[in-house]
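There are two complexes below, and they share chain A, which is joined by chain B in the first and by chain C in the second.
The block that comes next holds the complex of A and B.
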């Protein structure tokens, strides 16, 4: 009975969160005349016309590449800086750790809309407007607090004795980080990577503000700018949304196993 | 191999002094143990020796070479941790080869050394396994193997046996002793278990809140304790202390519960009140009257196999003594207690110092 309730609850939650995606997917397959009608719930003659259409007349591949590049660079940069910082905060003798962590967190407390204008001025002054570098820098800044917080807690969970053992066994602090701490914190590392990637992939406000041409646009902005003067191409928007959601789903599925894998089993007496 | 010298080593965490001005020499090839209750600073000393903690002041020497400011990798020490601290993502072989790889040994030499250490510890069959596939005892051996694989100057062991079950602990204790005899490497060992310290060590330092209370051979700290702390900490069950008053100084005569004793002492106590320390194994409790037995009432009887431990009340004092297994003692009984005055140690009551 209790199990039944549990499954029911799970079903409700899953439907609630998946339904919009399914709806979007169905919409993408419908012909234009079906779009604003119910029934039919399911497309009568599924068609890939919208998928083909989005690649015609605009640089959609370029836009996907932009997004991928910006999100990947942000992820790599945020994790490189973030993991080193977190390692220091978690394992090394540093004063005022709590203060540093609190300060780092405070960066993420500013709402984007409050920071976007001054940032725009900075970006313009550095003549980075309309480049993907502008986005990478901005995204890295805003994803670092989260990365540092997650990674610090993961590194802290690693037994100190393992870190100490590696130091006695002849590692420098950095070797210990690369050869012992990082492999053991891999689940947390990948979880953080996914979160940062998704954040950068989906970010809209900064991307809209800092880019002006199609050549440097990212997907959310591009989709938002699909509507023409006289019509809103719901079908194409839906198709584009499906295309850009797919990589995220694949990414999460691939790394999910690494995240769940119990890597630390047997390190210390269990 | 190396002799170790600590010179006025002090360690503070914030305002808390964990080690207070410690001077100590550990001889080359010695099995030296720090023993004390938890929080006495014994693990901190080990971390200081390993270079994992910096000292707040003072100096550490290995063979008269100052190592105070050297990092762990420059000190050439090996450490066995209480939790074993194996690298869970590596096989047993890689765990043991790790310290050699970090020192850039050649591949063939690494293999030879790991094989040698593995066969010494009976790990040859397990080399391909991951730590999580090993039992507690096997993990413990791998941790030992990782330490002795590269023949370091000093072994540091932080309660390496405390996570093993009682039987395995005794076995491994014997094995540690055998390994030390065989390798002859200076070993610094930390434990809270006084029995372990007594059975393994060449010399023992008894620690209390960051101070060394006595350094000596197992026999010295057990039979000739310098103060009440050492006397009470070493030996299990712990020593009985009975309050007594000095009646005469030359020769020393003390009185407790109406009993007059003239124990042999090295110096005259400066205080009026003293404590008489007698080990439970030196007190015999019996229902039969033998010689000048003292009448006591039995409070508690704990069978220990070949004999019983019995808690008895003698006036206001509660003492623990031994009774023969065939004695049928029960709480509430009257019995006779006897101990040899020569086995009684006298301590000053306030300072706790032995006289």
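The block that comes next holds the complex of A and C.
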């Protein structure tokens, strides 16, 4: 009886979480004339017409490529710069350690709207408008606080002896970082990578401001500004949403443990 | 002495990047806010605190501020309460728990823009599924009362998983002995929750409140895409208003003053929580 209640509660919670997404998926399979009719809830003859329509003209492909490239470059850069900094903070002697960590954490509280206008002016002055580079630099910086916070807590958990032993064996500081500490902190590294990737894949405000054509436009901007001649093309928006959400859902289902470790490692333990 | 130097090299790239892309712009935005700057006409003149004086008389600013406070307060409270319920559920042992946890995380991972578009379609007054399910005919996003609440409901849906995951981690840190000891003393589930779970979870609840309040106060995507601030600015939050002034009417000076205000408010909220935490820690 009590088990039954538990499963019922779990069912309610899961439906609440995924129902809007399922509805979007159903919408994407409906023909246009079905969209202006409710009931029925289910599509009468599921059709891929909207998916075919958005891939016409290759523009959407280009936009997906932009998003994938920007998110991947950001992830690599943020991990490189962030792990160096975290290693320094966790294992090396540095003055003002607490101050640096506090500084990094306080930056994560900066509202994006406060930095968007000066950054826009700088990017315009450097003719970096509508380029990947502008987005990658901005995203890397804004994902640093989270990366540093998570990685530092992971590096701290590694025993100091391992690092010291490698130094005694003749490794330089950098060698022992790359060969000994990094492989041992791989789970933390991975957790951080997923979070940074999701952040860059989803970011909207900077992307909306810095991009202007399909040369650098990313998925969220494209979906927000979906062109419609006469009315909002709900079917195509739904199809596009399903396509950009699918990889994230897969990421979450496969790596939920890592994601949860990353989210909580930075906040609750720290 | 040598090692101090090596450590500095490791930290330097991150610090430099953060300084160039966050600290410098923050100083610059304050500087910009002291100017009348209109990009299209190439006008830029120093006007001191003129923008801030204007801001104090700007009704649209006060409206946006009160919208933002209302949005933040209501959504954060709902997220923590629902998040706690979710966390308590996920903390129980049952088959398929891993799958439930993963599915609950899905809304958190979806781009905010996508979830805004999704809900815009659900809320649609003519063909939306919400009206169908409730048997109503409400134009949710066109109604001054409902539009802001519609945005809040969407935000709660999207960010409750984050609160739940942090709270779940907090629940798992509570030693099981405490529960068995309290049970031996004859405490039922309600008293267990009231006298064991809640007090021990307090620090984590506070962390969730900080994270969520700071995030909700700067809300942009959710509102901008769902309602664009409408109808008649009833859902316009500070970030949305600042964005429109900056990049739609291109008043960089006044827009920067609004942006600085958001920054100051967020700073005040953060300071408030830190003081609150400090006092709690001091009392113990």
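Heads up, the rule we're going with is that the second predicted complex is superposed on the first by the 228 of 270 C-alpha atoms of A that agree within 3 Å, B and C clash if a C-alpha of one lies under 4 Å from a C-alpha of the other, contacts with A are read in each partner's own complex, and residues count from 1 in each chain.
Please note the rule applied: a contact is a pair of C-beta atoms (placed from the backbone, for glycine too) under 8 Å apart; a residue touches a chain by one contact, two chains touch by 3 or more.
Computed from a prediction, not measured in an experiment: that's the story for all the values here.
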item	value
Touching partner for A:234 - first (chain B), second (chain C), both, neither	second
Chain B versus chain C as contact partner of A:183, first or second or both or neither	first
Which superposed partner A:110 touches (first chain B, second chain C, both, neither)	second
First (chain B), second (chain C), both or neither touched by A:159	first
Which partner reaches more residues of chain A (counting touched residues only), chain B or chain C	C
Partner chain(s) touched by A:100 [first = chain B, second = chain C, both, neither]	second
Partner chain(s) touched by A:170 [first = chain B, second = chain C, both, neither]	first
Footprint overlap on chain A, comparing chain B with chain C	263-264, 267-268
Residues of chain B defined as touching chain A within the complex	47, 50-52, 71-73, 77-79, 81-89, 98-99, 102-103, 130-134, 136, 139, 146, 156, 163
Of chain A, residues touching chain C in the complex	3, 6-7, 9-10, 13-14, 16-18, 20-21, 23-24, 27, 35-39, 41, 81-82, 84-85, 87-89, 92-95, 100, 103-104, 106-107, 109-122, 137-138, 140-142, 144-145, 148, 173, 177, 198, 201-202, 204-205, 209, 219-221, 223-224, 234, 237-238, 241, 244-245, 248-249, 251-253, 256, 259-260, 263-264, 267-268
Complex contact set, residues of chain A against chain B	159, 161-162, 164-172, 175, 180, 183-184, 263-270
Of chain C, residues touching chain A in the complex	3-4, 6-11, 13-15, 17-18, 20-26, 28-29, 32, 86, 89, 92, 94, 96, 98, 100-107, 109-119, 121-122, 124, 126-129, 132, 157, 161-162, 165-166, 168-170, 173, 204, 207, 211, 214, 217-218, 220-221, 224-225, 238-239, 242-243, 246-247, 252, 255-256, 259-260, 262-263, 266-267, 270
